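One chain, chain A, appears in both complexes that follow, with chain B as partner in the first and chain C in the second.
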Partner chain A sequence: MRAFIKTLLAEIKKQHKNYFHSKIIYISLFLWPLLSFITTYYSFQTFDLMKSNVIYITQGNVIIYLLIGYMVMSFFRSLVQSAWNFSFERVSGTLELIYLSPTNRAAVLLGNAVASLFESIIVMLVFSVFMLILKKEEINANVIPCVVLFLIIMVMASLWGMFLNSIFLFSRDSGFLFTILEEPMEIFSGVKVPTELFPVWAKVLSVIFPLTYAIEGTRRVLLLGSSLYDIRNLIFISLIIISILISSIMIIINKVEKHTRMTGNLTLF
Partner chain B sequence: MDLQILIGILKKNLLTQYRAYPMSFFVGNILTGLYTVLGAWFMYKLLFEGRLSSDFFELTKTNDYMGYVIVGSLTYLFVVRTCLNVSRSLITELREGTLEALMLAPFKRVEYFLGNMLVQTMTTTMEIVISLFIAIPFGLNLSNINLSGFIVSFFIALYAFFGVSMILGCIMLYTRDTYISQNTLFAFLFLVSGITFPTKYLPEWLNICANFIPITEGVILIRNTALLGMGIEDLLYSYMKVFVLSTIYIIVGFGVMKRCEEAALEKING
Partner chain C sequence: MIIAEHLQKTYSVKVGKGLKTEKQQIRAVKDISLQIEKGNIVGLLGINGAGKTTTIKMLTTLLAPTAGIYTMDSIDAIKYPKEVKKRINMIAGGERMIYWRLTAFENLWYFGQLYNIPNNILKKRIEELFDLVGLKGKENVPVETFSKGMKQRLQIARGLVNDPEYLFLDEPTIGLDAVVSKELRQHVKYLAKQQNKGILLTSHYMGEIEELCDYIYLLNDGILIEKGTVKELANKTFHRKNYLLNIYNTTNDILDTLVTILKSIDPSVIIRQENDGVHINSKDSMSLELSRICTVKGWYIKELYEQEPCLEDTILQISKEV
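What follows is the complex of A and B.
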């Protein structure tokens, strides 16, 4: 366990130094999501906000409704970017070095995911909390469900990042990740339009993104004041996702280990 | 106008495009357009079932929201592609190591960039035509199009895109960064140029900003001719405005570009 934590901390530190060597990082981490959020907010103004198909959207809380979507999405999206960065470890040859050292592979993957998760979302989180306080009359929430849900989302997001990272232990083609996970994730996990209104084909697509459940849960808790009992289905699904993610990560790490030992080669695809 | 240089650049770029860049680049761009349209369609059909706000018609003179968004996003696609190909041309030469050779050759800037622009207009037009077919099921209706007006608007808009891409090109060459500068500009243009909503919704100061970017008026021109069927005579004032604004951009762009080239050549090894 001590070795695990040591590796974890080392990877977090490495990741931090890698990312934050220049202030420009804040532009891509904060300015881009913010611009995209503002654009969406104004494009909602073209509609009659009082007559949407979701009962809880009103003129006043539409900004909170959208902000929740964007905030939760930024958790998951920062991990897509970090996984993309992780693929550079292969290019620069550090992946081989990590594999030669007696470190716990899972700790490296987790450290990488956790570091980028917390570092990338901190600015967005501060902004969101500030906005939520500004619009606090629109919020209808209880403390306990908020805290529990936040913890679940954090765990789910970290594992999601670990899972994406683990894919790159195998493959060096990282382009596909963006094709699948950038815009489709935004459209199909209900960032702008809740998934409950989707036609069946789109619902099927939305099921695969953990982000779908995270957004749905956060909206219910913050806007409708749902209790833990009300969102028990979502929590249950999240726990299933968490266990699926953990087992797939373990399977991938084992496979990679075996494959590398057999062939001395880190690339499968 | 030195045609030899223009044709040389044209040949070189078409060959590079054909040989060095895979189809995935092409597909990726069409997908981006498709996702924007799909997102708008979800909002329009599923969330609001076509209930537009009362001032949308007053501001845009149309109730065809999907047409509005589709034409807007396709025009935006054109802007992005122009910036990617024209602004990045010199910095790509820098990265590929051909900038020095290019500077030694007696090439003229105007023909060089025009050549780049021509190639990019050809390839992007192909992408747009494919995207148009994809957009038809989402409710694109071009039956009102005023063809002569549209053609004039199209060329005026291209002129505007060229102007903006020159300025971006200067920034890129000077900072030697493409990732941050281009993506920040794209996100900003998507917000202020009235691509998916009328610019009147923006706060006053952003609205004023938008007025000084020729793309805003360019998108309106394309929409007015393609969707509302306005003719050349209705839009003379707008044409003038876009033309003057873009000319200023181009003059400033070419002037500054010369300085940036010097800076880039100096730093070439450092």
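What follows is the complex of A and C.
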């Protein structure tokens, strides 16, 4: 366990120094979702939201509704990018050195995901909290469900990052995942439009993204004041997702090492 | 001790044929056996595509052999690669394999953590390594500002951060200037002879192999074709002897006399006069006869020695023969 934690901390530190060396990066990571959020907000203004079937959207709280979507999305979206960045380790030859060492591979992947998670969301999170305080009259939340949900989202996002990292380890040709997961995740997870308004085929797609459950749960807790009991189904699904992710990560890590030892593709890029 | 017996590696590669892809088997290593003892530097030579890199990758457990036996200090390295990883490290030439945006210290610290080295030991070791590779004072400088030679020195320090028992050096001096290359060779010698590390070295620079290696394995097309010390390889390859004889005031008469006498001893002898003296190529040893002839004839010898073929000549000759 000591070795695991040492590697985890070392990876977090290295990731911070290697990719977040300039303060400009924080601005760019914040600016993109912010612009998208503003665009979406003004697009929503053209519709009469009083006629909405969705119980937690009103004309007054639409800004908070969207902000929650973008805030939670930033947890997951940043990890797709960080996994893509992780594939550069293959090009620089450092991935080979990580595999040359006896270190725990899961610790490296987790460290990488956790570092990206904190680095990428911190500005957006501060902004969101500031906005939530500013519009506190629209908030209807209990502390305990908020804390529990936040922890679940953090765990789920970190594991999602690990999962993506492990897939990028598998092959140099995993870059297509970046295209598949970035935009579709935003569209089908209900960041802008609630999933319950989706046609059936889109609802089916939304099921596969952990972000869907994270957004839905956060909106219910922050806008409707839902208790843990009220969102028990979402928590249950999230726990199932967490279990699936952990199992998949372990299987993939094992397979990646066997696969690379057979093919030698660790040095191909 | 590292013992590898009959290692083989076959890759399965996909080859595009129109819209379809076909799997092809490529035998990168067909049959290689070698041994590396602690305190020794072993050279792995071969022409491009001989299987050197694949062999190193197998020995460092990054690749699993398709067949063969590989043990390190009696540990089955194929079955327990993690145990082997604790005892080894690898240094490759070039500017990759380090994080450019991190400082030199941060690089070593990161890789040290991957080996679960206690922090107090790691800190002390990093200080010693900076001293060893001559990067003292540059610890907190980002690697991206380093010259090629400095990056290579850092690579060496990185390769030693876990104090490995066996070290694999894959073209470590590639692209380095003469001064840095010499320094590196001194480090390598020090590591083997003073710190008792077993070292495997591949290099395209024959002089480097000749200077450093206690034993050499020569590969061609994935097969081990020769092995031995530099001298053993030369003896196996060159069956004839070469001498250089330099006599004061050499005249054509002296040369004619020499040719006559030597031809009577060895009819196959080849003698040619060049600027630096008389070059004699004979079937058997001639050193005694040459000094005796000069004494009897009253010729004053400026220099007389047997010219041993350099490793480059040996490799070129072997390459011609295979």
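Here is the rule we use: the second predicted complex is superposed on the first by the 257 of 269 C-alpha atoms of A that agree within 3 Å, B and C clash if a C-alpha of one lies under 4 Å from a C-alpha of the other, contacts with A are read in each partner's own complex, and residues count from 1 in each chain.
Going forward, contacts are C-beta pairs under 8 Å (C-beta built on N, C-alpha and C of every residue); 3 or more make two chains touch, one makes a residue touch a chain.
Being a predicted model, the structure only gives us computed values, none of them experimental.
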Which superposed partner A:93 touches (first chain B, second chain C, both, neither): second
Contacts of A:9 with chain B and chain C, given as first, second, both or neither: second
Partner chain in contact with A:45 - chain B first, chain C second, else both or neither: first
Partner chain in contact with A:193 - chain B first, chain C second, else both or neither: first
Which superposed partner A:27 touches (first chain B, second chain C, both, neither): first
Partner chain in contact with A:264 - chain B first, chain C second, else both or neither: second
Touching residues on chain C, where the partner in the complex is chain A: 11-12, 54, 57, 60-64, 81-83, 85-86, 88-90, 92, 96-99, 101-102, 106, 109-111, 113-116, 158, 162
Chain A partner contacts - residues on chain B that touch it in the complex: 24, 28, 31-32, 35, 38-40, 42-44, 46-49, 51-54, 56, 65, 179-180, 183-184, 187-188, 190-191, 196-198, 201-202
Contact set on chain A toward chain C in their complex: 2-3, 6-7, 9-11, 13-14, 17-18, 21, 92-94, 96-103, 108, 258, 260-264, 266
Chain A to chain B touching residues, read off their complex: 24, 27-28, 31-32, 35-36, 38-39, 42-49, 51-54, 175, 179, 183-184, 186-187, 192-194, 197-199, 202
